[in-house]
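Order of writing sets the labels: A, B, C and D. Residues in every chain begin at 1.
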Amino acid sequence: MYHAEIQLRVRYAETDQMGYVYYGNYALYYEVARVESLRKLGFSYKELEAMGIMLPVLENKSKFHRPGKYDELLTIKVTIPEKPALKMKFVYEVFNETNELINTGETVLVFIKKETMKPCRMPKVMDDLLSTYFH
Amino acid sequence: MYHAEIQLRVRYAETDQMGYVYYGNYALYYEVARVESLRKLGFSYKELEAMGIMLPVLENKSKFHRPGKYDELLTIKVTIPEKPALKMKFVYEVFNETNELINTGETVLVFIKKETMKPCRMPKVMDDLLSTYFH
Amino acid sequence: MYHAEIQLRVRYAETDQMGYVYYGNYALYYEVARVESLRKLGFSYKELEAMGIMLPVLENKSKFHRPGKYDELLTIKVTIPEKPALKMKFVYEVFNETNELINTGETVLVFIKKETMKPCRMPKVMDDLLSTYFH
Amino acid sequence: MYHAEIQLRVRYAETDQMGYVYYGNYALYYEVARVESLRKLGFSYKELEAMGIMLPVLENKSKFHRPGKYDELLTIKVTIPEKPALKMKFVYEVFNETNELINTGETVLVFIKKETMKPCRMPKVMDDLLSTYFH
């Protein structure tokens, strides 16, 4: 398993008139969590696209346990539970400033070769970086 | 079961640099689908909040079958599969202009009394409107 | 001058915890106003990109006179005040359901040839459609 | 004058199919710039709302000099050019990673007492913090 922890602050734009983080914005938080967890590993998602590989989302799930609030510094614990091959799964736990679990989710993405628009295997550079975390 | 069909057009703002609708934006489309399907039934979500009831999201799931594209007029088939009580479930099927299924999803929401912040039953006016669809 | 009038409904996602339409969302409304006003003229922005021409924004200005509110059906009066050449200007007036002017704005865009990334003239098909409105 | 400098990274969600930061998202960046520049001063916008004061936007202007790109760490230089009284102005300069100026803008906001919905003066705590920067 690969674990990482990232933080981000709730923007005013991300709240709605209920005074909560709008439910659709957790997908943005998950994106930040994915990208920053890969960066911590030593890999940038931008490079992936530069290599001609896209990583579109196949599935996304969220459970909303407590409201997220404006200006809170959220902590997202992100896990890659299985070694990716054609697909890559991320699992998230989002905590507020008082360490309450406010949201859990998971996303499945698929490696696509831009040239052929067909699924492909995770590039070797990512595989090498991730392989130490999976035995 | 209650069924409704609504249409919306993909905005430029909703695309990303992959040239697809950004995955997080389907939550916004689902919101439009929920609100417009209730309006077709004769009920406005705005009234619900005016009655002191909130309807936050508890769970949301999406599967992304094909990319959504800029300027497409999407058709969303929305279903309320079970008669709501404390919770309300919506199921969505999103079709593009050539009638391909591009996205499926479901959302579970919960009725909350604003005054007490406790779950409550669906208000009578909604119950009356929906009851003809469930036997 | 070319005038058009379009309508759109405020989404929950577009409100913030002040209970107003978040100020950044008027740029999205302006985009819808531009695209739909061109469609009424007989031209789709999507075609423009298919012709290898981009139309990025150079300048954008907004004044916020009154708050926009959730679920309101807004009316946007959009004007192209001068015949476009290398640049194209749009002027907007946004009205709420009780016909109060809530927002005014203007956007200047520039025609860019994707191949060279250099400014270019408005394509002939747009010129022909617009020329009857400017003498 | 009060100056501050903040950084933020462009999210995938914020790009559009042109491959640029969507023009409406600079308003979100300005919001982050305002809030973080006040936090550096020792004041949180959240406190302001807790004091019963809202700060809605009256005017917003942007010029787009160069495209913002995905994953870039942008630097925003934010300036409060005049001592706020009933209104507060912020001026922004947004730079990309190679220190090119990509966007300039300004926003005028107004202090509103929530109870009366009337304009009011900047609260004393903000005045005290800002006064050392204006003579």
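To be clear about the criterion, a contact is a pair of C-beta atoms (placed from the backbone, for glycine too) under 8 Å apart; a residue touches a chain by one contact, two chains touch by 3 or more.
These numbers come from a predicted model, not from an experiment.
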{"item": "Longest centre-to-centre distance from chain D, chain (CA-based)", "value": "B"}
{"item": "Equivalent interface positions on chain B and chain D, same or different at half", "value": "same"}
{"item": "Separation of chain A from chain D, taking each centre as the mean of its C-alpha atoms, in whole Å", "value": "28"}
{"item": "Chain centre separation (chain A, chain C; CA means) in Å", "value": "34"}
{"item": "Per-residue multi-chain contacts in chain C, two or more chains", "value": "12-13, 18, 20, 24, 27-28, 31, 70"}
{"item": "Residue ranges of chain D touching chain A (in the complex, touch as defined)", "value": "11-13, 27-28, 31-32, 35, 44-46, 70-71"}
{"item": "Contacting residues of chain B [partner chain A, same complex]", "value": "18, 20, 23-28, 31, 54, 56-64, 67"}
{"item": "In the complex with chain B, residue positions of chain D that touch it", "value": "12-13, 15-20, 22, 24, 70"}
